[in-house]
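Lettered A, B and C in written order, each chain numbered from 1.
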Amino acid sequence: MNENNDYNFAFLDEVSKREIRRAIIKAIAIPGYQVPFGSRELPIGRGWGTGGIQITLSIIGPNDVLKVIDQGSDDSVNAVSIKKFVHECTGVEITTDTEKADVIQSRHRIPEEKLTEGQVLVLQVPMPEPLRYVERSELKARKMHADSEYSAAWLLLYEQIMRYGKITMGAAYPVMVDDRYVMSPSPIPRYDTLKLDDADCLYLFGAGREKMIYAVPPHTRVVPLDFEDYKFEIEETEGRACSICGATGVFFDEIFDAESGERYFQCSDSGFCGKNAERNKSNATSNECK
Amino acid sequence: MAYVAVKGGQDAIESSVELLKLSRSDGSAVLEIDAIINRAKQLIDRIMCEAGFYAPEYAAIAFKQSEGSLEEAVFLMRAYRSTLSQTHTSLTIDCKNMRLSRRISSAFKDIPLGQILGASYDYTHRLLNFRLRDEDEGELRSFREQYFSSIGGEEVDMRAERVSDLLKKENLMVAYEPDDTEPMDITKNKLMFPASRSARLQTLFRADTGFVSGVSYAGLRGYGFMAHPTIGELRSGHVEVEIKYILDENESMVLGEIFFTEVESFVSSHKSSEQELDELEIDVGYGLAFGRAETKAIAMSILDCALNYPTPNSPPNDEEFVLLHGEALEMSGFISHLKLPHYVTYQSKLDNIRKTRKANETAEKKG
Amino acid sequence: MQQVMNVNELTVRYGDGCVYCIDSDKSLDKNRCPKCKTVWAVRNVSFSLYHSEVLGVVGESGSGKSTLMKTLYFDREATSGQTFLNAYEDGKTNIFSVSSQQQRAIRNNLLGMVYQNPLLGLLMDFSNGGNIAQKLIAAGHRNVSAMQSRTFELLEHMEISVNRVKEPPKNFSGGMQQRVQISKAIANNPPVLLLDEVTTGLDLSVQAKVLDLIRMVQKKFNISIIVVSHDLAVIRMLSDRTIVMLDGQIVEHGFTDQILEDPQHPFTQTLVHSLI
């Protein structure tokens, strides 16, 4: 589309982009607070990452390098589709290498490689409201946020403990941001949740359908909710290693081989896995990836 | 290996897009844009209404491009709409000045100008007309010529006061203060609650026809507080759209006409208070749609009124329920996103299931 | 006796009021302004609540007693007037003048409320235990085992089997739901408990059981209670002193026995005489 003058740079008109950037700045100024914004319709379905895409389109410049992942993978169908769309309407360079990217848009994962100062991770959010399961009214939930009345968020975890003897919240584990707002980190696994705390990079969260933007600026305190006697736990990675690159202690996809009936594991972060496998080959040692 | 298949890839996506074109080109006849606009106007009106974007030609292209999928056509229109800058705001459109094609009232038999039936399927039997299989265009032409000559060439310009204006004169209606606050624009702002009336009406106007009809039907059947409403007036016809003339603020320019259907339904109400002493008054629900979408306009008027009476555990009276779940793009988008891979979240769920199982097994062993 | 709560000139109205009705001497059509139709649900109500007493509020439906309770629990906004709680800043600060965040804290720590409609007080899809724990969590508790033992204790007080702690209240009968609501309301040992028509709509035998439990709780914890009912029988059984409300205003108050034996206001007389 950059070759084709039917559409503006980065698809949206400049006024809309500026409006979205204002919402982003407000979100950065109030960590964890959900800023309502006039979410625009895109050529990509609502619920398919339109919040993240609108953030990406609004902040990206012609010289930026973009990486898009979906569930950790650079070549998952939706990551490919988003990449293609942003590339066509901006002409920006696309990469799969986390270290090379200025802007990384992601769904459900934070990359394995530690993000650094100056990098922005844009996360797509399906359900921004961490209190929704207890309080379905948006009006009431917003009042609860205003009053820091978060008993509903803890109650959800308490119920799980009563029923199953442990906290069974999987992805989208609620966190307390900067001792003020309870926030849904989007459906990233618990394994990734701790990466939000005191990070070097900027995290932006966009919910297109629910029309909210929120942020975790660099070096913000982010703490998962838990109880004195029932602590936050990450997913099990022990005794597992990637069947491609041999990495351990990372977040894995579980693979079933239909023919052999065997179950094995692979890095969920495909960019990291590829790089790691490459390095292993050249070093001819497999200890690197630990 | 399963891995490659589920991750898809560029080639697979391109082939999928190619297959779409293949499907769209089935058969031998070309779907002409002009034919879609003129002969499928109810459909075009529905696309434009749910898209909130009046552009019959674009709607026809969208319809053609999407193989007749309403959901896709609305989507295409909306996405294109987001790239346009808003240069003007029209003056308030008042259906009071409508050039009427149809106008009926179920509340009163005698209304000024009488009941005008206009074009409506209400009075037909829905018998499939097999002669349309091979329709003769020449016969249609001569039918039209004959019709226009019988009425003297021109359609009559009929305009009339609203039925509710007559009741207002008698003080029988719930009195609402005229409210000239700038309407909220739902295309530029997130809908917040409690929603303003302007936001409510815009949302219902663009809402999916099936959703609006279904929820208001639930209200009529008894889910929620809603007496049987009466259609005070249903009118359809052309209304002029004007903007301020750029060179002289006091002058206006007519951009063109839009065909609307407007409904006012009457509901007996008592003002909700903790009081038992109540007078009955007539409250009005407002419905509006592009084209002849009468069911949608009536349903919208019912919901507009229902939302004035919040009732616990009654979806049709709950503004968050009604206004948040009828948005065509949001519902189809979110439902279809379930087709996206959810490996990571599912992995996390599996981990929990295994852990609770394990905990139970250990507990059993101990026990 | 020590005062725990003082309500001063409390007014709650629905509508903006007009020049005519804002002047409180003007007569209203019941509690509605004949000119602007504003409803004065509670009008210039003042009273005190003392330590470990039960104060009854009686009146017909629409008399403003439920609005009074909901306002004291911050579910409704007071139009004017003050309320002081001894447990909050030594009774020196009007609780309606503080931030909504502070009001949440007061609600969570210093007040308990049992609604006539259990849907307002309980999350029907969460467990009984979770419902009770919510009040504890809201007050800042973060230890699951401690909260669980407190929950068991409360259920025992209310004679609910601890085996049913994981069940949701929606599986319970009306009387049982009220018992869960009471457990939740008293979870943090609040100095003041508000009971809004808690037995209305229950079978007589169930009513008697719930009232018994309330009396037991009151004696055991020396809690001060405001109990609202249209039913004088409930008031007679529970309250030490009684306020009679009509059209948003207090028309009579005094010791319950006194009011029952020698009602002064014509409305109270009708009410008492209709009591068998």
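Criterion: a contact is a pair of C-beta atoms (placed from the backbone, for glycine too) under 8 Å apart; a residue touches a chain by one contact, two chains touch by 3 or more.
Worth saying up front: this structure is predicted, and the values here are computed from it rather than measured.
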{"item": "Centroid comparison with subunit A (C-alpha atoms), farthest chain", "value": "C"}
{"item": "Two chains joined by the most C-beta pairs in contact, as defined above", "value": "A-B"}
{"item": "Subunit A and subunit C: spacing of chain centres that average the CA atoms, whole Å", "value": "46"}
{"item": "Subunit B and subunit C: spacing of chain centres that average the CA atoms, whole Å", "value": "45"}
{"item": "CA centroid of subunit A to CA centroid of subunit B, Å", "value": "35"}
{"item": "Complex contact set, residues of subunit A against subunit B", "value": "7-8, 11-13, 15-16, 19, 36-43, 45-48, 50, 70-73, 75-78, 80-81, 107-109, 126, 136-139, 164-166, 168-172, 187-190, 209, 211-212, 235-236, 251-258, 266, 268, 270"}
{"item": "Touching residues (chain side subunit B, partner subunit A) in the complex", "value": "1-3, 7-10, 12-13, 75-76, 78-79, 81-85, 185, 187-194, 320, 324, 329-330, 332-337, 340-345, 347-352, 354-356, 359, 363"}
{"item": "Of subunit A, residues touching subunit C in the complex", "value": "134, 143, 146-149, 151-152, 154-155, 158-159, 161-163, 227-230"}
{"item": "Complex contacts: residues of subunit C adjacent to subunit A", "value": "100-101, 104, 108, 123, 126-127, 129-130, 133-135, 137-138, 142-145, 147-148, 165-166"}
